[in-house]
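One structure, as structure tokens, below. Some questions next.
Chain naming follows the written order as A, B, C and D, and within any one chain the residues start at number 1.
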Amino acid sequence: MWLRTSCELNFVIQQPTPFVFMLRPRSGAQQWVAREEYAITPHFQAEEYTDIYGNLCQRLIAEPGNLTVRTSADIMTSAKLDESPGAPFTLIQHLPEQVLMYLLPSRYCESDRFHEMTMPAVEGQLAGYDQVAAIVNWVRNNISYSPSQENWPISATEVNQNGQGVCRDLAHVAIAMCRSISIPARLVVGYLHQLQPMDLHAWFEAYVGGRWYSFDPTQAQLKGGYVAVGFGRDAADVAIYNQFGPETFAHSQKITVKLLNNNDH
Amino acid sequence: MWLRTSCELNFVIQQPTPFVFMLRPRSGAQQWVAREEYAITPHFQAEEYTDIYGNLCQRLIAEPGNLTVRTSADIMTSAKLDESPGAPFTLIQHLPEQVLMYLLPSRYCESDRFHEMTMPAVEGQLAGYDQVAAIVNWVRNNISYSPSQENWPISATEVNQNGQGVCRDLAHVAIAMCRSISIPARLVVGYLHQLQPMDLHAWFEAYVGGRWYSFDPTQAQLKGGYVAVGFGRDAADVAIYNQFGPETFAHSQKITVKLLNNNDH
Amino acid sequence: MWLRTSCELNFVIQQPTPFVFMLRPRSGAQQWVAREEYAITPHFQAEEYTDIYGNLCQRLIAEPGNLTVRTSADIMTSAKLDESPGAPFTLIQHLPEQVLMYLLPSRYCESDRFHEMTMPAVEGQLAGYDQVAAIVNWVRNNISYSPSQENWPISATEVNQNGQGVCRDLAHVAIAMCRSISIPARLVVGYLHQLQPMDLHAWFEAYVGGRWYSFDPTQAQLKGGYVAVGFGRDAADVAIYNQFGPETFAHSQKITVKLLNNNDH
Amino acid sequence: MWLRTSCELNFVIQQPTPFVFMLRPRSGAQQWVAREEYAITPHFQAEEYTDIYGNLCQRLIAEPGNLTVRTSADIMTSAKLDESPGAPFTLIQHLPEQVLMYLLPSRYCESDRFHEMTMPAVEGQLAGYDQVAAIVNWVRNNISYSPSQENWPISATEVNQNGQGVCRDLAHVAIAMCRSISIPARLVVGYLHQLQPMDLHAWFEAYVGGRWYSFDPTQAQLKGGYVAVGFGRDAADVAIYNQFGPETFAHSQKITVKLLNNNDH
């Protein structure tokens, strides 16, 4: 299916402020970027680099005044994400080198504290895909999805104590649980067609059966219409923007995802 | 200045053929990609990766039939490339690690054979930028620019024997000469506004005074309006497409570069 | 000064266990590895790779029985670490790409929670080196160094609540404080000559004045005799070994650091 | 089998001279470095980095006077290299990204000129391992091995014209032939037990059946006892030392490879 995504962020900048944006989706095994726009108004000199996760990041210094960042893309993505019940646990010795880091605990996924909690949740499951599916069910049943006003990210142990969270939080708990049983897992940030209410979205991927599979604890069923923008160990690595110095938040943020006819793109 | 570039390639594919395309310009220190389109018709599953030079490459298997690849981009680039006469030679011990490889001979730039020829060409010049400028002059005076019918790349020693070549060939000779006196140099492939006749273009960069500077032996004067698409040691690394198996050439190739008004992009 | 370091780890393995070891010091700007030994007994097929931080890691699957890992190295290192009071804050826009990730919060350094605490600690200091020095002093005065029986790493916020910790814990607090004011900081694990009691050691580096400088909150004065073995965002990235599956700890661990005469190595 | 290798290089340096050495073997899938020594006399500040091929390289500036570099290592390596007749050609679409560059022509392996010559040499062979084996036979029958006095590397087309060459030259021809039929191939430089006369050695690896296999056109039969020190596209990338500025050759070079008893290492 073809989707047209857009994201607009508006800031009021008080003093020269360094930003790193991560708003450029990349073509990959699961999506093709056929058209893309990226406007920064006013235009500042920006430099693009690739981070250690393969994300394209844009660095710039915003000068005082209004700053608007507007991106839009036409993307072909799967109408139905791959599922593979029964796909086996990938032995540590068979993991590619670059996947190993997704086994380690990270800022918002303290997997070193989740082993005990995870064991009963995956009891009786075949090692691999089915364990991840059981973890997703556990999260659905134990952490309620509740869009929050707060912008302050909290970690998986805090989410677990609260018993509720936003999409990112549910993904963090599931990631921490996966890693606690030696299944590599990573956070994905991007767009989801027909998300209610429309916003940026976060889900996760787990490495089983020799490849990454997508999972989404906030959705009752795994559909398609996902567009990935950034990958990382957790939200610390995959912020759509990082800003340094005195805090500046986007005072408005507008996200749209539109289904295209085959002739529109 | 804002430029709108486009490149269309048409192939007739006889059998399933693996391609690697390198047609996606990246935002960087010297250019900003504000809009981009990339259409492959018919659409095949393509995977994008970053090569060792930082280029975005797209892999796909083309099925028999017509294949059209059409890219277009709106790009802000400098109206006047940086020049820096007198910028000093960067000592080897101060070169960043990732620049060291651009000192070595490569397929089409046999720098190990150019030292003797280069020494008189740079005689009396200050080590660094001025040596590169002298090399560019030497190439302009000794290798005549002559657009060729042939698609077969030849190496700097062959170009030198022929005494003539296309833009890529002149750049290769200059690169080989730079490296022969320990100045890192690399090939750039991309677009040039008002190039006559319009086509893809090749020029080179040399690392002096602690950064990369652009040089173009085919132009009497260094103007602006350059859009870089790929970087590498020489044309072997920076083909806009590599195709494997029985040879398939683009039977037509159309390139345009248009100046945009500030309101058009 | 020349040092001979050694580390011996002994395990009893109950079932085939995947390990990643990080025990191989690398030659770098600040140390030269002139001799090195690395014995795994019994010998298992091990594969070495370089992680995203540049550390050399060795992967293997240990079979049931005794496992001994014994490394030793002769290393030339500085007798006095570089200090640079007054070295200025490096502007975010001048940080090399690969340094940016050391600004982000990580598993054991929740820098997103430390800004308020850090501001008074660095009040009146020149931005840069002197702020880091003030942070180190703050940690020395507020977190008492207390070698612990526990092997379980805790995070900077937990250390701060406890008011005490091991060398790693003090470094984590200092790292979190540095990052909270946009100074990149990373954990270093290795050896220190004349450490009392002798053990592996952890300290940290901060990026100011355009380069990394070493700091050690556990030592009253910055001496020399440091040998770095691993670098990373925090202890999650720089474990001397990671082991997967049912937990297996080294039942004995023996570390030595000996000063060599100039003729011994 | 356990081998003790050593390499000693002696230079007389006339003026401050930048060097990059590549003399440090790494542990990998096929060898384990259990002990290693690396002495530079007099000792200069050296910095180590990892190049794009994964080789550990040491940079230093040698001051005028005598320079001796002495390395030694105890290494466990296979007594018999893997062979796999019938292993299939790996489809381009299944090659890992980092292997793709080994399909391209390079300084000393002008694979773009070898397709015609290679086709008859591999006629009737199963695509993959058997083609590589046929190429090795072709090289053995058509290029005579003749240790040369010259230190000046020549390219595969030149070797082919001469009909003779050193180990590196034979490997270059075989590599060029492999790449000309879309089989990735790379040069390996290192040690070989019982090589006559003892010296550093060069052989090559080809990627078929989903992994790298070793081949050696200078040896009638594939034995074991190989120790790899460096990998690259060809000799331009894998020099045991690169030196910049006025040429300085090692006036003496001494290589030994000794078989160890199981108790010696």
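We take it that contacts are C-beta pairs under 8 Å (C-beta built on N, C-alpha and C of every residue); 3 or more make two chains touch, one makes a residue touch a chain.
Fair warning: this is a prediction, and the values are worked out from it, not measured in the lab.
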item: Steps in the shortest chain-to-chain touch route ending at chain C and beginning at chain A; value: 1
item: Most distant chain from chain C, judged by the mean position of its C-alpha atoms; value: B
item: Distance from the mean Cα position of chain D to that of chain B, given in whole angstrom; value: 30
item: Centre-of-Cα separation between chain D and chain A, whole angstrom; value: 43
item: Distance from chain B to chain A - Cα centre to Cα centre, in angstrom; value: 36
item: Shared-contact residues (touching 2 or more other chains) in chain D; value: none
item: Contact graph of the chains (line, ring, star, complete, other); value: ring
item: Chains grouped in pairs wherever the two touch, ordered by label; value: A-B, A-C, B-D, C-D
item: Footprint of chain D on chain C - complex, ascending; value: 26-29, 32-39, 43, 45-48, 50, 54, 56, 58, 76
item: Contact set on chain B toward chain D in their complex; value: 18, 20, 49, 51-52, 59, 61, 91-93, 97, 100-101, 103-107, 110, 112, 153, 155, 182, 236-237, 242, 244-245
